[in-house]
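Every chain is named by a letter (A, B, C and D) in the order it is written, and numbering of its residues begins at 1.
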Amino acid sequence: MAQNSFGDIFRITTFGESHGKALGVIIDGCPAGLEITEKDINDELFLRQPGKTEFTTPRKEKDEAKILSGIFEGKTTGAPISIVVYNHDADSSKYEAIKDVYRPGHANFTYLEKYGIFDYRGGGRSSARETACRVAAGAVAKKFLAKENIHLCAFIKEIGGIEADVKLDADTLAFRKKVYEDPIFCPDKDSSAKMMDLIKLSKSEGDSLGGVVELISSDLPVGLGDPVYGKLEAKLAYGMMTLPATKGVEFGSGFSGSRMRGSEHNDHFILDDKKNVRTKTNYAGGTLGGISNGMPLKLRVAFKPTSSITKAIPTLTVDKKETTFNLPEGSRHDPCVTIRAVPIVESMASIVLADCLLLNRCTRID
Amino acid sequence: MAQNSFGDIFRITTFGESHGKALGVIIDGCPAGLEITEKDINDELFLRQPGKTEFTTPRKEKDEAKILSGIFEGKTTGAPISIVVYNHDADSSKYEAIKDVYRPGHANFTYLEKYGIFDYRGGGRSSARETACRVAAGAVAKKFLAKENIHLCAFIKEIGGIEADVKLDADTLAFRKKVYEDPIFCPDKDSSAKMMDLIKLSKSEGDSLGGVVELISSDLPVGLGDPVYGKLEAKLAYGMMTLPATKGVEFGSGFSGSRMRGSEHNDHFILDDKKNVRTKTNYAGGTLGGISNGMPLKLRVAFKPTSSITKAIPTLTVDKKETTFNLPEGSRHDPCVTIRAVPIVESMASIVLADCLLLNRCTRID
Amino acid sequence: MAQNSFGDIFRITTFGESHGKALGVIIDGCPAGLEITEKDINDELFLRQPGKTEFTTPRKEKDEAKILSGIFEGKTTGAPISIVVYNHDADSSKYEAIKDVYRPGHANFTYLEKYGIFDYRGGGRSSARETACRVAAGAVAKKFLAKENIHLCAFIKEIGGIEADVKLDADTLAFRKKVYEDPIFCPDKDSSAKMMDLIKLSKSEGDSLGGVVELISSDLPVGLGDPVYGKLEAKLAYGMMTLPATKGVEFGSGFSGSRMRGSEHNDHFILDDKKNVRTKTNYAGGTLGGISNGMPLKLRVAFKPTSSITKAIPTLTVDKKETTFNLPEGSRHDPCVTIRAVPIVESMASIVLADCLLLNRCTRID
Amino acid sequence: MAQNSFGDIFRITTFGESHGKALGVIIDGCPAGLEITEKDINDELFLRQPGKTEFTTPRKEKDEAKILSGIFEGKTTGAPISIVVYNHDADSSKYEAIKDVYRPGHANFTYLEKYGIFDYRGGGRSSARETACRVAAGAVAKKFLAKENIHLCAFIKEIGGIEADVKLDADTLAFRKKVYEDPIFCPDKDSSAKMMDLIKLSKSEGDSLGGVVELISSDLPVGLGDPVYGKLEAKLAYGMMTLPATKGVEFGSGFSGSRMRGSEHNDHFILDDKKNVRTKTNYAGGTLGGISNGMPLKLRVAFKPTSSITKAIPTLTVDKKETTFNLPEGSRHDPCVTIRAVPIVESMASIVLADCLLLNRCTRID
């Protein structure tokens, strides 16, 4: 239950609305003894922060995390960790004007129908600001994963139909450094340049773009994930599809794998240099039967184009009259939400893996 | 928790191995007063049954469901419904020969590493036979959905790269009838014929094919799904990715939506003939903000080609020696698991929707 | 899972340590449309507030609740409600001195052994200050229950062996008013006076007392609670035993019922004035088979004497040396925690009932 | 959720009605590698079996457990373990006659009101036959606990007001042997004899008795139980109060502890012969702050007198007419359900402890 919680052992619960007093996350089940500082969390939040380039919304979100509990003398104690990001200076006035219109591509229609009430200021609970909580929790999860030598990296694989030609690196941390140095988190410089041009064009037309985020990892330990309803890829898919604006997720060969033959798709088992069992190819994407197989995790998430645009679109008012809707010129929104989704995808995957690592401790009698 | 359970209110727990004594499912939380017979369940199981055509495994699984509890005088009582399918005549002898080889594309390597023990007979717990339990539970869910005038239909959208050109029908039940009349559950006759030819060819080469299943529904009631970690599409993605052989799932526009502009992707709100709020297009796939928006659900699931083939593939033995693996000629396996996945995808979606319908009763104070 | 959460649909998650920055609670699953103000919550917190009489600790806890999310224009929105109580002026210095001693009756030994780290300041996570979160959540639950005409009242039944002779009142709200007018929440004036004398005596001796809290309710609607692991009394017992210092819980006839005959204990079914089915006696305590039967709920909770006393007791240091432990004269602790447990017991019961009310909506097909 | 499930990691789900086709339990989360046979389970079921003496119901329940899944080559595999007990020869005819009367002390009134339908045959889902499932699951839990040198023993502490004078034994297994040699599971021979006389008398009068079961354990490892809503005693209380006919539960000093002074109740920390930290007394009952403290667990559960008696009692029919109800002479019911509750209490406690042991593996980073 608990529709605002995610995870079994390492379990997060988030709260907060876009223009409310604060957003926050409770992490329950994080093992004791892990070193965590507010800086660890704020460094990750900075990756998601908008307003750093022209490719994200110029809106300034002062996302500064405060730890309210669960840390003592710099370490986790086993008690729930609560992290809060207070909202400042949210300007809700302009939302007054549009509160009586069903916004195409947005959630105000469904929230109003379901709950009979909707906090329309900045999208309320349906706002993507909630993802700051996941990045904060992801920062804690990443610290735990690092203890087990697990590292993840997400990056821009595709924007507006332009696909990056990405050379992966066995050193995930080095690769990640390169990703986050790019203004739009795309490790292929040429494609990145083309994507940025396209974003500028689309923005100038009052329109928006979608894209695809890819996630890879260092070799995972074998054994993460629990059949049959706790499969690693199922939990990852679940987590990814809770992100705003997602339209799909695929693992390894993904949809293109459905066009391959079995003889081609079946990854061959081999021994690597250290005599570990690995597979020659990785069409599986890092799992077999729902359990990690020692290979890197590999998944892609599709994001729709940002719903908030300045072009006018026909729609209805809440009293069912026809009208058109557009954001006023100069409105501050992301021309392509996929970019800021990069650290968020990474965080969700980290939360899933931390949870699976803990569950895996309970697998055998000794 | 409970890695063999799925759902919040309408919650299933499955058990059983491919060659064990029985498989079964417990449905907890099904409302009282629903009429259910063993025939209702066996009719659905028949759709998943192999051996009816040359396009599925010739293996005869005598899948006859027995209801052990939860039904009294033909109706659900609110007590847990247990449904068991006993295994008969499973021939495990041939698995003896291959138990010491890591089977490419299979789960014996990961199970052995995780648990230190593996019931190799017929794939044990990792076998797709477990999905019979989901179809049985899905039969109950469908009866409940029908009471609320909700109908689902899955069908073959693509096999081996051949894409069907499908004309949907506003009458979901009529459309469904047409789907299940086709030998491979594809409503486009021309494509179906081409797919069948390709399956025969692939089979003759000792190889296998993958494919894509699409699911559509009648107009859903508005309000199903719970933000932010109970989003309808997130729960569906979770359910779908727990199915064996899945590599991806997408909703509405899906991955192709990531290449559209916002002005195109934002479905316009309109009034339908009955003055209901609907959208003109359905790129969203039936949800907004994680909540059903009154439009039909629309999702696609990618399946990899069947891992069990008769072509030989290099691999390792459990004591890390190089070898090759192939099933003997005449082995009985599905040349394309995607076909039998059709009723399974439908069942998983039914289970998710039944659960969301019940949760939605708790949304408002009156 | 989630060891800091409680409840299925109406689900609370608490966080915070005694001397940390804040304590708080997230309520997930509260239905939309319920009117809630910070005053509603602070009025309930005031009942738990110490320092109002000499019978509770003179410590001043400034328990002022702030709502951070989930309320819009005075009403719940269906989004998680977060309530925070900030800590002020906590003086942790004196805990420095005692951090290396295993405190008899306290949790520092077990926390240290389990987690390898203990936030000793004010008891950290093991402090009874966490119960402020339950009272805050209970305030919300009570507003929901009131909509359904359900009212609860807890009171002091026994302190230090002195048992109150309590006359219940069919009007639960009137009875409750009387209870909270008494300095120690005991509706029997004579017993209350004797108890207060005993508390003063015990306090003067550097010692402490235990007691029993009783909870009663207005007639409950029939149907709350879900067999077999969701029985109303099981959930209540669970909730009560999560309270600090509890040693037992009993329902209806309780332990004395185990000394009765069946012919005496079996409550007779009768019709009341309004032709409702009720029972003549209420040895059952309001439930049959785990489901509320229309009669008032009736339970009692036993609390041990406060562990924090100024009398010296032999114990060990963390490096296993023998020593004695006592709080310094003038230390500020409750001479009898049972008193302040009264509103806490009431709150826990409210949370359980709110949850069962929502679950009960999912019981039948229509 | 899942009102027919219990536990977090080691999680049971039960199904089945008294006179249905079968009862059963699924155990999800049992670690792989544990040796289990059907005999292990049937040996435990035999302890609960009625008809062995005149002090339990003469009804013959052929409780023979069948393992349907989860065991391979004599060991658990990590897959869900399903255990089924088929019902035979249940004679439901006599229930026909009484199906339209609200049975005092029984659940048919509340089930009918809640669900609108009731499987009245033998009490249906509300029957104590469901506890056979807990004993079966308890047998598995006990095997796991034994691996960790944890042993439990329940026994009759009191029947009909006669209290046993029990001398505990440091060797829990030896003590347990003595308990189960007694016809009514009471280790004090003199009291046992008196209790048996009283049972015979009560039975001859068509009446029934209640009683108290006590549970003790060997020294537990320190660290079991998770604050604040996963406290060991809270989970135990929860489990115990899900048992039929329970009216209360207490730990250590229990209700009598509420009449002690703090200076007396605070158990002194001492070193035992092996230099382990223990407490001199055990008023706490084995936990501090919700976490096991290395001392034996100690709890007592109160059971009401059996509701099924042959004495007539006034009641109502389902159409609200006054009537009287009594079971016909010669009806087969337990004159005192407390006796057969002994192995059931032991089983529930075993399930809770197995769960806490697994959860405790997730507590620290290394």
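In the analysis below, a residue touches a chain if its C-beta (ideal position, glycine included) is under 8 Å from a C-beta of that chain, and two chains touch if they have at least 3 such contacts.
Owing to the predicted nature of the structure, the values given are computational and were not obtained by experimental measurement.
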Given chain A and chain B, the chains that contact each of them: C, D
From chain C, the most remote chain by mean C-alpha position: B
Selected interface, A-C versus A-D, where C-beta contact pairs are more numerous: A-C
Computed distance of Cα centres, chain D from chain A, in Å: 46
Length of the line joining the C-alpha centres of chain A and chain C, rounded to whole Å: 39
Residues within chain C bordering two or more other chains: 1-5, 8-9, 14, 29, 32-33, 78-79, 111, 114-116, 125, 227, 359, 363-364
Contact footprint of chain D on chain B as seen in their complex: 1-5, 8-9, 11, 13-17, 20-24, 26, 28-29, 32-33, 66-70, 72-73, 75, 77-82, 84, 111, 114-119, 124-125
Partner chain D, residues of chain A touching it in the complex: 1, 9, 29, 31-34, 76, 78-79, 144, 147, 227, 358-359, 361-366
Complex contacts: residues of chain C adjacent to chain D: 1-6, 8, 14, 102, 104-107, 109-111, 113-116, 125-126, 130, 158, 160-161, 202, 206-212, 222-223, 226-231, 233-242, 244, 246-255, 257-271, 275, 277, 279-280, 283-285, 287-293, 302-309, 311, 313-316, 320, 338, 359-360, 363-364
